[in-house]
Amino acid sequence: MFTERIRDLAHVGSVELFTPVPARSAAFFVDQLGMSEAGHRGDSVYLHAWDDYERFTVKLTGRDTAGIGRTYLRAASPQALLRRVAAVETAGLGQRWVSDELGLGMVYLCRDPDGHDLGLYWDTERYRPTGGDRPALKNQAAAFPGRGANVRRLDHVNYLAADVAGCSAFLAGELGARPTEQIVLDSGEVAGIWYTISDKSYDLVYTNDRTGTPGRLHHIAFATDTRDDILRAADVCLDAGIHIETGPHKHAIQQTFFLYVWEPGGNRIELCNAGARLLLAPDHEMLSWTQAERAKGQAWGLKTIETFHTHGTPPAQ
Amino acid sequence: MFTERIRDLAHVGSVELFTPVPARSAAFFVDQLGMSEAGHRGDSVYLHAWDDYERFTVKLTGRDTAGIGRTYLRAASPQALLRRVAAVETAGLGQRWVSDELGLGMVYLCRDPDGHDLGLYWDTERYRPTGGDRPALKNQAAAFPGRGANVRRLDHVNYLAADVAGCSAFLAGELGARPTEQIVLDSGEVAGIWYTISDKSYDLVYTNDRTGTPGRLHHIAFATDTRDDILRAADVCLDAGIHIETGPHKHAIQQTFFLYVWEPGGNRIELCNAGARLLLAPDHEMLSWTQAERAKGQAWGLKTIETFHTHGTPPAQ
Amino acid sequence: MFTERIRDLAHVGSVELFTPVPARSAAFFVDQLGMSEAGHRGDSVYLHAWDDYERFTVKLTGRDTAGIGRTYLRAASPQALLRRVAAVETAGLGQRWVSDELGLGMVYLCRDPDGHDLGLYWDTERYRPTGGDRPALKNQAAAFPGRGANVRRLDHVNYLAADVAGCSAFLAGELGARPTEQIVLDSGEVAGIWYTISDKSYDLVYTNDRTGTPGRLHHIAFATDTRDDILRAADVCLDAGIHIETGPHKHAIQQTFFLYVWEPGGNRIELCNAGARLLLAPDHEMLSWTQAERAKGQAWGLKTIETFHTHGTPPAQ
Amino acid sequence: MFTERIRDLAHVGSVELFTPVPARSAAFFVDQLGMSEAGHRGDSVYLHAWDDYERFTVKLTGRDTAGIGRTYLRAASPQALLRRVAAVETAGLGQRWVSDELGLGMVYLCRDPDGHDLGLYWDTERYRPTGGDRPALKNQAAAFPGRGANVRRLDHVNYLAADVAGCSAFLAGELGARPTEQIVLDSGEVAGIWYTISDKSYDLVYTNDRTGTPGRLHHIAFATDTRDDILRAADVCLDAGIHIETGPHKHAIQQTFFLYVWEPGGNRIELCNAGARLLLAPDHEMLSWTQAERAKGQAWGLKTIETFHTHGTPPAQ
């Protein structure tokens, strides 16, 4: 018997990052990634990826150490939002309704079992291009930047979690996400699990934090239109002195073409391209990778770089 | 008040094409598009695109004239299938349940008001790669062909319709699809309308048939991972003597990078690439293009070729 | 008996363009093409393409009407320079030695029979990147811009000529260039002829000027590393309001992937990519295209746009 | 005082490889690289890259162990050939004239000081496409394959040498090649040196053989039109079970975008793309990389894989 899935979350909306060097971080998002500034508020600057229909894509907030603030998840409807809030409250993981964010209306705050902050919402403001970034074609959010990586939209968020199992149960249960691929170690432990809330093959990912520190970030990822944008971004980062951690290469898991860099504040940023890959089967069965398969490295043989297992933000104590 | 949309159709599954030259048509799909043969039955040959999780992508059937047979649409669940069947029956447009197709279980047949055959289904067989096309990575359906256009999957079907309004009402009403963009002539007539049933910005399209002939095909489209695959396909088609109708170029509407060719049987085939473009907003408002906007041609200025308005299959009498 | 060819010219060095709107033209070269400003002098601004080893690539000079000034051609050695100067003087087409150009030493001025100004030189200054555009790798001239078309270097100059035969004789005879492809009309007239002085399949081109006006420019072209840079440039030009004349598409003649735009001053600019195509055969025989072959349009079927035969700079009276 | 350079060698023509598994090696060149068979003779099969104007590109000869046979270098003219033969003979490194190769006329055999066989020639047969690979455009040698890596032409040969200094002196002195980049270790030893005989930035390379074995091969390289061809080739090799040694990535030295694989016989094959990079300056000064610079790895940070320093063909005893 197939259990019908109601899709209550539409997509990842935006994310807040903390950085000890906000001006340098903002310059990275603008100059190397091709985003544009979309507003300021207090210690925060808002950045917009050119085809994001919403008011902002990343909120960059000055803070002592790098790390991740709220991840905003847009519901598929007001009704869906209320269903998810009820589920979260029943599970005792809810916090409260707020209305404190640029471009967003009522937001319901909650936390996954690892302590990552989430904000569920429906009401959102459309991005309004001004003179400089008004597009020639009205079916795109802003003019094409033609700068750096030209990231089109936020693609996914990959959390480090001390409690992958708990977070996983929360995401599947309370939020209705579907797991699509996972790594299962010989010990039986899940080292990483990929969840989708859309037709993309993943939107939210939990990776086991070997330091046992809860609530950290592994990386956030932006989608580019082409793999060439990513190759070009590598040159741009090289010349700008941005730390390239690994890539470009292609993941075996999920098959994403990737480049990982560290923005000046220390947060890991992925540039990713999935080609025309979508996960359209409504009855897709989660696929498991063994420890041995994982040890083979990436799709074309690149060994996983050591920092990929150790670096997260904020730094572990 | 936002009306909640339950997504009952998951995606376009496969399509049947008619061709007067089946062997030559099959060779085109294999050699120029990069598909592989996945079976035979009577006058039909089945073709599979390398990352299609289902048994086949295109069914090619010998027939006096080119044209389109059934379009198979996969439901999001067994329950969703029954809901849609009930809606279609209530509208008096249903036909009957059959179980006559390779790799599919029970299929409910119906017709849009223009007479295009549709088959709604849930039960489907997974594609099983055999020795030759077994992929190295288990999260793809078959080995990457490295041949011609390397089409990854079927992307959309664009029908010609004598009754765009009627078809449109059927698609939105009985099947629950969402319109995303349209062309509205000065006369008020809708010359074309794009519908999505997924996170892609369109899956099914109706274009006004100027000849007034019902039930014809404008084109079917296949997605490639890169724009480079499409540029390369142009060279491949040039050397193989395949008629290139127009492109490569980029559509203003929906912004798809495209190439249109005619397969040897006469059916128009599009190779398309959307980059990282998705339509994630659950409350996207349909965008209308005027006759004047349409007259500007494609995104980068290419004028629409005349045959694009006249050629369809089967040929009009 | 094969006549040995001594290669006396090394490559096209740089070119001067006239524009009635110098500031807007300069902005185009910087913002849409990805070049950088490399100096000013009087009414001229100098622009540098990121991997040009010389001081500048384009000199942009304010003038009432658009058009082309000097084309600078670098000799293969001081000895080769003197050989070519002697040949030009013997033919009675020489002018004089000057030393008046930024970054260049002694330059010998001459004119082709149609009146296009040429400057032959050996001494040249290396481009010195300053803080902002210092590359991370020392084997490139400047940092990769990651902006617009990212043009790497000047590729070729295509003149309009009232006297194609005379110019052709001059280029082959006095300058030692080799013709590689040509269009021969049914009348026997050469409508266009492509010359190489390097391993590229062409560097200098003469196209018949149907207006009979001598000394005009058809276009200058810049090479990009990828075809994707050109596709992206099309979007960038679209959003910037730059006139896209035709393309992207692929030429049948010489097989160049191209995009033609008009810079704000009116001069036609081509962005071009030849892939890995080189003309390495020292005994390559010039290939002729007939009028009928030419009428077929470009490689993938695009018809040649009418303005391609009429627009030149300065405008014909 | 600048010493004028007469370019006596036009380009690398073709190369012979030895393989213990000729049928499997041939299948690799055809299926994964996109070449076609162009003849057989005794234990040898000839392979042709689609835009090579000559009769063949690679000669594959069955032999107990892998390795390299003759490298054929085409002279720029009959006169140039005789000049080089005289120089080689004077140096006491010449062997004899032969006329024993498919598609080639008189060939002068010689050996570099390390014992690599070279054949200098002028007379050569043009490649004649037959029905199946006749191109639509007459300015290319054969139809575009649309298969695998679609390699366009042979790009360069990289020898391992026990005596880099001797080989280097021979190449610069007797053959007139120009060094463009080199690695100089702290000990003063040249670990690798890149030579050009064309406008490309390198055609022939000597790398120090740490085993001290003379006459071995590091790799031969084929040029593709795009970086995308190389990314796609990685997928093709992955699915075909071809060993991917390292890449895709970009070299710091010479900046080539690369992928290294081992053909079934064991010879290392590079797929390379230089974008629009050419070395046009006739007075280019060789650029030296230090041991410390080399230790930084490739352009985007990839560490050089250990086998890159150890694997060569034939295997060292």
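By written order: A, B, C and D. Residues from 1 in each chain.
Following the convention adopted for this analysis, contacts are C-beta pairs under 8 Å (C-beta built on N, C-alpha and C of every residue); 3 or more make two chains touch, one makes a residue touch a chain.
Values in this document were obtained by computation on a predicted structure and should not be read as measured data.
Engineer: At the interface of chain A with chain D, does the proportion of residue numbers present on both copies reach over half, so same, or stay under half, so different?
Structural biologist: Because over half of the interface numbers appear in both copies, chain D and chain A meet with the same residues.
Engineer: Consider the two chain pairs A-B and B-D; indicate the one with the greater count of contacting C-beta pairs.
Structural biologist: A-B
Engineer: Centre to centre, by mean C-alpha position, how many angstrom separate chain B and chain D?
Structural biologist: Distance between chain centres: 45 Å.
Engineer: Could you tell me the distance, in whole angstrom, between the mean C-alpha positions of chain A and chain B?
Structural biologist: Taking the average C-alpha coordinate of chain A and of chain B, the gap between them is 31 Å.
Engineer: When you check chain A against every other chain, which residues touch at least two of them?
Structural biologist: Correct list: 137, 226-228, 235, 238, 299.
Engineer: Show me the residue ranges of chain D that touch chain B in the complex, using the header's touch definition.
Structural biologist: 32, 135-137, 143-144, 146-148, 150, 226, 228-229, 232-233, 235-236, 238-239, 241
Engineer: If we count contacts the way the header does, which residues on chain A are in touch with chain D in the complex?
Structural biologist: Residues in contact with chain D: 227-228, 231, 234-235, 238, 244-250, 257, 259, 299-302.
Engineer: Using the touch rule from the top, collect the residues of chain D that touch chain C in their complex.
Structural biologist: It is residues 2, 4-7, 10-11, 51, 53, 74-80, 122, 137-140, 152-153, 155, 181, 198-200, 223-228, 252-255, 273-278, 280-282, 284, 287, 299 of chain D that touch chain C.
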